[in-house]
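In what follows, structures are represented as structure tokens.
First subunit A sits with subunit B, and in the next complex the same chain sits with subunit C.
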Partner chain A sequence: MFQARARAEILKEVVNVVSTLVDEAKFTVNADGLTLRAVDPAHIAMVDLSLAKDAFEEFKADESEIGIDIDKLGQFLKLARGDDLVDLKHDEEKRKLKIVVGDITRHMSLIDTTGMSDPKVPNLELPATVTVRSDDLLQGIRASETVSDHIALVASPDGFEMSCEGDMDQVHWKKAKKDLGVLETPSAVRSLFPLEYFSNMLKSVSSGSAVTMHLGSDYPVRMEFKIASDKGEVRYLLAPRIESND
Partner chain B sequence: MLVAKMMKEWTEKYRPKSLSQVVGNEGAIRAMKRWADLWSKGKPKKKAITLRGVPGSGKTSSALALANDYGWDVVEMNASDHRNAASIRRVAGAGSLGQTFTDDGEFLTTAEGRRKLIVIDEADNLFGREDYGGAKAIAETIRQSNQPIILIVNDYYALTRKASAVKTLADKADFHKLGDKTVISVLAEICAREDMEVDEHVLRLIARNAAGDLRGAINDLQMLVEGRTSLAEVDTAALGKRNQETELEAALDMMFAAETVKDARNATLDIDRTPEELILWVEENIPREFKSPEEMAAAFDALSRSDIYLRRTRMLQHYGLWSYAKELMTSGVSLARTSPRRHPPSRYGFPSYLIMMSRSRSIRGSRAALSSKLSPLLHSSAKRIGSSVLPFLSTLARNDPQLLARMGAEADFDEGDIAFLLGTDPGSEEVTNVMALMKKIKSGDIMPDGDRPAKDRADLSRSLADF
Partner chain C sequence: MPDNPAMFEEVLSSSDVRTKSSRCVYCKGSKMLCGKSRCSVLARYFSSLGAKERIDRTELIGNSPPSVFVGRMGYPKVAVGPMIPPIDGDTSLMDTPERWVGLSIDEIIGFRSNLVRGMHWVDVGDVANTEKLVSRTRDLALAQQPPQVEAEFRRKPVGRLTVDDDVQPFGPSAPLERFEVANCRFDRRLEKAFFDTDLLAKDAVVSLYRSGSLVSQIQKAFSVGAFGLEKRRRFVPTRWSITAVDSQLGLHMLESTKTFPFINEFRVYETQSLDNRWAVIMIPSSWKYELIEAWYPNTVWNPHNDRIAIMSDHEFFEGRRTYASIGGCYYAARLAVNELLTRERRQAGVCIMREAHPGYILPVGVWNVRENVRKALSNPPHRYPTLRAALTHVSGMMDIPMSRWIRSSAVLKDALYQRRIEDFRR
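On to the complex of A and B.
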């Protein structure tokens, strides 16, 4: 059983976060709230999202799984303004999700969740931690987008740097330690990532929030940030690009 | 993407977990292992391997088993997924550059030899008619990849025609039709594991019917025994013919073995083929059937007389003549035999005429399209252009890309037309260059009769007008 009411902007945030990586997703609901974990089709990124029941205006649920076509949900939510209230109800028998926005009711067919994967979040040793405002990061990304399709994230004891080297041009974005919320790293670490993924992930962070990144050398990055006015959490994992010849 | 199965399919349930469990095709398996072993020493020169072969010969199973043996993750692009250039770049392209998170959320790194195998199933069958980009995207993905890639094809030519680079970028492993014995042994094994008593002759029947398609045979077995615990007799009609050719082959066999004119004629009575088609089969197989030159000559003589009637039928539109044609190609041919039939061929061949026609279908298609495009411009029939103008145009085009671009701008050529004239692939570099040149000519950057920019010519004409 699942029945909830939420402000549209919160659901839109969730859709933004998830649609970055997958078209279809399995949400798990229980009495405490809603969670989702998924790996993207190219197997290079993962999302782990949780939304506490306080993020909703009303929330009632037993443990169950709901398979949703994310694009479809996103399209429908476009009909709602940010502070509109959206009602959700899971019809287990007909395998549909009933969504009400104002005067509109949509019965949305759900996706069968048997056979959909259930990834665990891997336990990775990532020695460096850095916290940056999302708007700052986005500026660095924007500067890089025309230069190359991959970006290096470098954390060292004195600062954090994003650098992008194309065939012709190079772009460096750098912040010294004093300008960063948190910067902890025993030594310098560097990993290279696909720019498009990194940028799409950042674009789902709401403006003005802080993003915490955990990094290693030639190792994945774990990005953590809050959604739904701190009542939800997102962790993105992105695998590094293979640089060496092995 | 994932559809609920009411009941687990045996083809999935009994899919081999390791290459050592894959039946038959030892040569192909060895080639795959050799290729995979290269990856343990770093990126090999050929980062992809193409598995070629008929349906149900074990290509997909071998690819998945290989990944399992080597501890690699699998990213599979199935025929059921929507596949075009964009999705190949997004999934195979992006996935092949980076390290891996598995579906279970495990992180794999190539530093520890944990790779991601990208499997593109039915790679010969990806792209819509118009979309040359899909094959190109595959070639590009292989070129840039940091991870192993397996392409699976039924028709290698259909893929390499669109992306000839694949020929040099990818290794090859050939899968052959499985023998009936192999198929029977697998079916028997499944029956044992399902606790099912199925008579050996039923298995033999299923195997023969499947004609070397193991997946087909397993599906047939499951359909027949579902919900039972034993099976001694089987209604073969329920199976349907997996392979219509086997029926035809049986008829040919009866015809060639016939001792009387009547037997030879009756052998092909139930075959659902026109005499026009049947004659191709007989023609193809006369050399397999008759070994002595005299017999062969007599057989072809009968066949040629039959062919005369086929032509008369077409000319006069009098289908009554078909019966004479048919008589001559069956009874007439079988009468050629003078010595007893000692060595019937183990397998009859598919008409090579049909194979050649189907191989050249796209070329003939492009020729027809190009001819009818030129027809109104040259005030000549498409047929005549096809036979006597195109060869010259093609020679001109090969020697002078500029000229080709100018013609193209005039007659509105597309990639297919240009590739036909140049004798290359629509995706090749030459074609792209000419297309670019054509675009420039059309937009007026270059005047059709020279490299001079339009602006200069305008100046020139103005100065002439000043006089």
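On to the complex of A and C.
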């Protein structure tokens, strides 16, 4: 059983975060709220999202799984303004999700979740932690986009740097420790990432949010940020690119 | 004709052919990136040919393969018309590229240069025009067997061979005065799609392909505006129609191949023809695709004497939104690899490498890419447990070192360097 009412902007935030990586996703609901874990088709990135029940205006649920076509949901939510209330109800027998926005009701067919995997989150020890405003990160990405298709994230005890090296040009974006919310690292670490993924993931973060990144050397980056006015949390994981010279 | 490759090389190396290899390789005589009004590489070649293929009459009778041509110059006012050889009997081979694998460039040029192109100018949207020149061109494209065609031209066909990177070469052309097609039967499947004026062109293409029509047949009918919603039908220039059909069919198959399980091993398929070497590498991964072409000095699109020109285009799982810079061959090869994946109900990452050697002196059309990739994929593959082992095999068949291929390849770099989430699960 799942029945809930939420402000449209919160659902839109969820759709944004998830649709960056997958078209279809399995949401798990229980009495405490809603969670989702998914890996993109190329297995390069992962999203791990949780939304507490008090992010909703009303929320009632037993343990169950709901397979949703994210694009379809996103399209429908475009009909709603940010502060409109959206009603959701899972019809288990007909395998549909009933969504009500104002005067409109849509019965959306659900996706069979039996074949969908339950990705495990890798257990990683990432020595460096840095917190940066999403808008600052996007600025650095914008500067890099025309230069190369991968980007290096470098954290050292005195600052955090994003650098991008193409065949012709190089771009460096750098912030000193004093200008960063949090910067903790015992030594300098560096990993290289596919720019398109990194960029798309950060573009789904609401403007003004703080993103906490956990980094290592030639290790995945874990990016954490809050959604739904701090009542939900997203953890993105992005696998590195390792250029060996053999 | 190309019975003397040395002559062509001589033309290319002569001092007054100035070309930048980087540009020529993308332009291929079609976009005039050098700023000249005619392609100097091709022009030199034609001038050396002379006019020996002239078909010196204003009247012509022969069996059309069947074949039609829709030009692109002057779009939306384009030249449409039949292609007719001065030959009787079963000429179908002349316009069925599916049957050309294994023929030499000389043989292909030999019979293609006999195809005389008749031209009649018409607006592309005017497919329902009742003028006989228009309706007969369309009927010819739907014909099942090579019908006899009788044409009268306004002047003698101008004798030269037209070559193009996308379109098969063909012979001289002339404006049409009139032409007649002997009684002939329509291909039943094409006819059905033609009369269904509520069927989207895309769906027509897919259902014809599924029912066994050849890509070249579908493309011919597509170019005369035989498919689609009645009001939206139009003539499509031949070179665009080839890529439209290749691309649509590829996209259609991708809808399913992207959901299939991965192949179980690394594979290498290979073939050689027309002094081109082909290697198709398949990787057990989600769909990604790349075509890399390497042109040796003095091959068609690389008139430079001293360096190899390499170009490539790729897409990852999401596909691409812009037209591939290397042109129609990208979509032709994508169709061919999806045919294999659909047959096996498997998904894979695919990297195709093409090494064009100096014996490849004339562009013969996109079919060359589609049919040779199909040919390669019809041979049993070499199977390997690792990508490194597969690449070692490819190194053995290509002259260009593997490091150079990797440097030009987004798909290989992704496979070699990009880690996956599961690599970090312990």
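Simple rule for what comes next: the second predicted complex is superposed on the first by the 244 of 246 C-alpha atoms of A that agree within 3 Å, B and C clash if a C-alpha of one lies under 4 Å from a C-alpha of the other, contacts with A are read in each partner's own complex, and residues count from 1 in each chain.
The rule is short, and it goes like this: contacts are C-beta pairs under 8 Å (C-beta built on N, C-alpha and C of every residue); 3 or more make two chains touch, one makes a residue touch a chain.
As the structure is a computational prediction, the values presented were derived from the model and not from experiment.
Bringing the complexes onto one copy of subunit A puts subunit B in a clash with subunit C.
By the document's definition of touching, of the two partners only subunit B reaches A:M116; subunit C does not.
Legend: residue contacts after superposition of the two complexes on their common chain; A:R241 is shown touching both subunit B and subunit C. When both complexes are overlaid on chain A, the residue A:L49 reaches neither subunit B nor subunit C. In the superposed model, more residues of subunit A are touched by B than by the other of subunit B and subunit C.
In the superposed model, A:P41 makes contact with both subunit B and subunit C. Applying the stated contact rule after C-alpha superposition, one finds that A:V221 touches neither subunit B nor subunit C.
By the touch criterion stated above, A:L97 is placed in contact with neither subunit B nor subunit C. Note on the chain A alignment: of 129-137, 165-173, 183-191 or 201-209, the part of subunit C that runs into subunit B is 165-173.
Comparing the two interfaces of subunit A, the one with subunit B and the one with subunit C have residues 39, 41-46, 119-120, 122, 124, 194, 219-220, 237, 239-242, 244 in common. By the touch rule above, subunit C contacts subunit A in their complex via residues 258, 285-288, 316-317, 410, 416-426. Contact residues of subunit A toward subunit B in the complex are 24, 37, 39, 41-46, 112, 114-122, 124, 193-194, 196-197, 218-220, 237, 239-242, 244-246.
Against subunit A, the residues of subunit B that register as touching in their complex are 1-4, 42-43, 73, 75, 90-92, 94-95, 97-107, 109-111, 116, 146-147.
By the touch criterion given at the top, residues 39-46, 119-120, 122-124, 149, 194, 219-220, 237, 239-244 of subunit A touch subunit C in their complex.
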